[in-house]
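Following are the structures in question.
Two complexes are shown next, each including subunit A; its partner changes from subunit B in the first to subunit C in the second.
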Partner chain A sequence: MRKYFGRKIFVYLLTFFAAVTINWMIPRLMPGDPIKSRLARASLTDATAAEALYEYFNNMFGLDQPLWQQYLNFWWSLLQGDLGISIWNFPTPVTDLIMGAVPYSLGLLLPSIILSWFVGNWFGAYAARSKWLDNTILPLGYVLTATPYMWLALLLAWSLGIVAGLFPAAGSYGLSLQPAFTWTFISSLLSHWFLPFLSLFLVALGGWAIGMRNMIIYELESEYSNYLQALGAPRRLVRRYAFRNAMLPQITGLAVQLGTVVAGALLTEIVFSYQGLGYLILQAIQNQDFFLLQGTFLFIVIGVLIANFIIDVVYVLVDPRVRVQMQGGAK
Partner chain B sequence: MTLEVSDLQVYYRTLRGDVRALDGPTFGLADGEIMGLAGESGSGKSTLSKSLIRLDGRMRYIGGSVTLDGDEVPIWDDQAMNEFRYKRISLIPQYAMSAMNPTRKIGKMIAELLESRGVRFRDTRDELHRRLELVGLQRDVLDRYPLELSGGMKQRTVMVISTLLNPSLLIADEVTSALDVSTQRAVAETLVEFRDRRFVKSMIVVTHDISLVYQIADTIMVMYAGRLAEKASAKTIIEMPKHPYTKMLLDSLPEVGVKYEDKRLSGIPGSPPGLLKPPQGCRFRDRCPLADKQCLEQPPFVEVERDHHVACWKAE
Partner chain C sequence: MTAAQPLPDPTTAAEEPAAATPEAPQREALYFALRNPKLIVGLSIVLLFLLVGLVVPPLLEHGPNERYAPPLLPPSGEHWFGTTQFGQDLFTQFAYGIRATFLVGLLGGGIAAVIGMTIGFVAGYKGGWVDEVLNMLTNVVLVLPTLAVLFIIAAYVDSYSVTTQSFFIGMTSWPWAARAVRSQALSLSSRDFVDLARLSGVRTWKIIVRDIAPNMSSYLFMTFILLFGGAVLAAAGLDFVGLGPSDGMSLGLIMHQAVKWGALQLGVWWWFVPPGLGITAIVGAMYIMNVGLDEVFNPKLREM
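Now for the complex of A and B:
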């Protein structure tokens, strides 16, 4: 077991190193000059002032140094938790921008993934035992999973948001408000949260339900189920075993889904102008803010790596078959 | 008689019609009898053995009766059958390797199974330990997951589990076909030992390999295309078979006692008829060298000598 995790950690470290390096390279290969474009938008008329400012910014971001120096600097500041300063939102540190966006992404994704997991599995498990439920849930589940997310999100924003006017369809909270611990702010936050949450919840729900239903039916037809039934075991016991075994892949699936949380829900945040990580990425790209882009990507890479490591652990903890094999079982 | 089966008919309902996989066998099983059930693949052996314990979803009971120790066995009623299962009729499945829940420790699974059948695990534990020892297993297999056992160990564990409640009838469907020769022999000997110790009263041992079952069976029953061809003592079947099909089946095998490697199986020319629309009369007709007009009528399964039943017009 120690050997297994030792090897895993080594692979993760290697991946991390490669990811950081690639991450550093990509924005530098992108066309365009971010500082020029920023200065252009500031529309300075005085050419010498522009020149001076350009020098100033270049210096500050370290772009005038040789590439290898930039690369070492990058690692050095990374290890200190310094991801540079945003160009788009000058002079806010990238770390601050990310930390400001993370709660919104998590607040959207964690509840939608976990709730859809519970509700979906619950429906799926019931569908596996009742013809009536099976005939209604299954087609509904397939429709939900087959719907492209974009459609679903736009449909919700349009119907519940714009036509019915029940919920705001854009933003994280009311434009006139400042984040504060007041009832007005919190209720505005919740009503803005609802539609993006619902879209993510619905789109994941069908998949969980169908997965659970199929897994249970598969387990119920397996040979150990057959043997139990031939020995007259009551349905209750057979179902309990089938349910437990069907849960194992679902738990791993949940862990995998949670691993994607850090990546944010780019599409959701764009459709609903919700200011999480995905929204930051979009801004970074549109403004050629490569510090911000690098920072968010790095944050995501680290998050995905950690999440994957947790998945590996969960996988071993949850399934005795994997555990036994790792300790070198008989066969 | 432990078991009496009379004119049992079990079909598979399919979209194209009924597959008459079990068409009216009538036979008995004496107390303490180990009966080998032989026949080519597709002759209905599994259908017969499943019918006696649990019809699978596609099987339909059509008619006939089964009695065990004088009680009618309601094989058409899945709920009522639960009373018989395990306690009075049990089985060692063909898939013994994967018969145990992979994510439960074996001991825990047995405890849960027994408790669910209203048997106190605590009262059975000592006997369970004794029987595991008898088949050469340490009692710590109960603390392991099935995955931690070798194939042979799993096979023996399942044999102990299946017979733990001393059923009257044990059905073993092709239990040896996945094993190597020495393990096959050990399994066969264990079955005999279980009978001798009265763990089980009578047994049906299904196999497509007559030479293996000959070593342990008191009687052998041969099936062909959903019907009985012949039943007699093992010795009689091997030495003086009367049904042309039994004779050809034996000819296709190496001499009993001779190893497989020494002689190649020749097989019987032709193949069994489809059971969706089985031919009129004797179902062996197209492959039988003795067939004539009379065989257009179905031959009855009759006792031609004491304890020797045959279904063939030409068997006198």
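Now for the complex of A and C:
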């Protein structure tokens, strides 16, 4: 067990290391003076801001120092939680901006990932049972997985938001409101949350349904299912065993899909001007705010790594074989 | 996107290598292919769009960015998909966008397929520490959120072409393919005919190319289709946030401009519905085609 987690954690640390290195390397690989060209493209009206930034960039990049020293400096400030200062929202530290956006992104991501996983698996398991459902859910599932996240978001914002007027199509709460623990604020928050959530939920749904359907069909063809059927076990029971076995690859699939879903959430937030990390990324890109962009990137990587680790733990808890091993039972 | 719907196990299909004469399996596959509605419907849709992308742009008299028509016209006989706020013809943009979509899919998916398959084959066939190292590399790239990495890279490049974009996408979207190919190659590499080749001193890459790859060619092709779809969706995402190629037109870029110039608030649905529909239709048709191909190549699934 320690070996299993040790391996996983090693891969995650390596990934984090690679992400930080990519982050450090890319500005240095680009031709020209990275500081000057960035500052020239950032639309700065405030002269003191520009000066402070130039100083900051210079310190951060420390371009007069040898490369290894620059690299170590980068790590050092990173470990202190210093991701730089935002140009778009000068002089707020990037860390503060990210911390303000994270709850909104998580509020979208967690419910949509978890719900779509359960509902998709449920539909998929039923689809494998009947020809009629199979012929409707399968093509629909493929169309949903092929849908670009931002397009479904646009369709929902336009149809349910603007034409039907059922839900607000932009923002994360009413413009006139301040965040507070009042009914008006919470209901406004929920009504703004619904459409982006629905959009993410629907796109992710198809993939899970298809995956589950394929796994169930595979499991129902296996020896133990045939044996159970030969013994005269009720169909329900055989199905239940197949479902439990088919769930394990779906949990692994969740880990593989995380990056895609997170990317989808970024695009969805952009469509709805929802003030999560995706919105920060859009602002960073439009304002050439590279500290913000890189900080958000690192933060997303860390989030995905943590989520991966949680899925690993869940996998161990769910898979009886691993569980038995952990308790020192059968090999 | 990079999504790996688990492909049903193809080793069952590759169970009997060269069981009969070489033509027989091909003719049999063709027989089933022509009778598979999923394959035919999917392939027809993909070919239809391919035709639009190849044939239509040279026939159009105006460029995709040319402003020559009245703004915000709804779809009509003259402007099939309507016009933008700047009087650009949306059908023209759409046709050029379809062309770019296929280009990104072929190049990006192709690059990802070459990298993924090479790594998968070598890791699966060689085993040992080579496998360990390649597996580690695959896992690292697999965990990295692809689109976020692409954002970072694209943001620092001042201007780039569709080819460069495909290269970036290909470089980041190969890991699940490498994993899938690795496990297939692993099971094939312990077969007798591979042992025989190894004993007679054939070089590694020759064994991979001549003995292992042909036995899973259908699987490789289906992997490429999924990578194609993933590359198209990744490119659309990049274009949509405004980090797309600086030259030319793409379906994602049309949506980017639609959002940027307030098509939603103006209710100009013809600006953002067709490009997304085009992407969904192409990628969805490919996925459905894939299911059909699977049924054709895998005898176990045919009875369904």
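Definition applied: the second predicted complex is superposed on the first by the 219 of 331 C-alpha atoms of A that agree within 3 Å, B and C clash if a C-alpha of one lies under 4 Å from a C-alpha of the other, contacts with A are read in each partner's own complex, and residues count from 1 in each chain.
Please note the rule applied: a contact is a pair of C-beta atoms (placed from the backbone, for glycine too) under 8 Å apart; a residue touches a chain by one contact, two chains touch by 3 or more.
Everything quoted here is computed from the prediction, not taken from an experiment.
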> Is A:321 touching the first partner subunit B, the second partner subunit C, both, or neither of them?
Replying inline: first
> Looking at the overlay, does A:148 come into contact with subunit B only (first), subunit C only (second), both, or neither?
Replying inline: second
> Touching A:232 in the superposition: subunit B (first), subunit C (second), both, neither?
Replying inline: first
>> For the overlaid complexes, name the partner, subunit B or subunit C, with more touching residues on subunit A.
In response: C
>> Contacts for A:271 in the overlay, against subunit B (first) and subunit C (second): which applies, first, second, both or neither?
In response: second
> First (subunit B), second (subunit C), both or neither: which does A:305 touch?
Replying inline: second
> Is A:15 contacted by the first partner subunit B, the second partner subunit C, both or neither?
Replying inline: second
> Any idea which subunit B residues touch subunit A in the complex?
Replying inline: 53-54, 81-87, 90-91, 93, 95, 98-104, 112-113, 116-117, 145, 147-151, 153, 158, 162
>> Per the contact definition, I'd like the list of subunit A residues that touch subunit B in the complex.
In response: 222-224, 226-234, 236-237, 241, 244-245, 248, 319-321, 324-325, 329-331
> Can you name the residues of subunit C that touch subunit A in the complex?
Replying inline: 1-6, 8-9, 136, 139-140, 142-149, 151-153, 155-157, 176, 229, 233, 236-237, 240-243, 252, 255, 258-259, 264-265, 267, 269, 272-273, 275-277, 279-280, 282-284, 286-288, 291, 300
> Where on subunit A is subunit C touching in the complex?
Replying inline: 11-12, 14-15, 18-19, 22-23, 26-27, 29-30, 138-139, 142-143, 145-152, 154-155, 157-158, 162-163, 169, 207, 210-211, 214-215, 218, 221, 249, 253, 256-260, 262-264, 266-267, 270-271, 281-282, 284-286, 290, 293-294, 296-297, 300-301, 304-305, 308
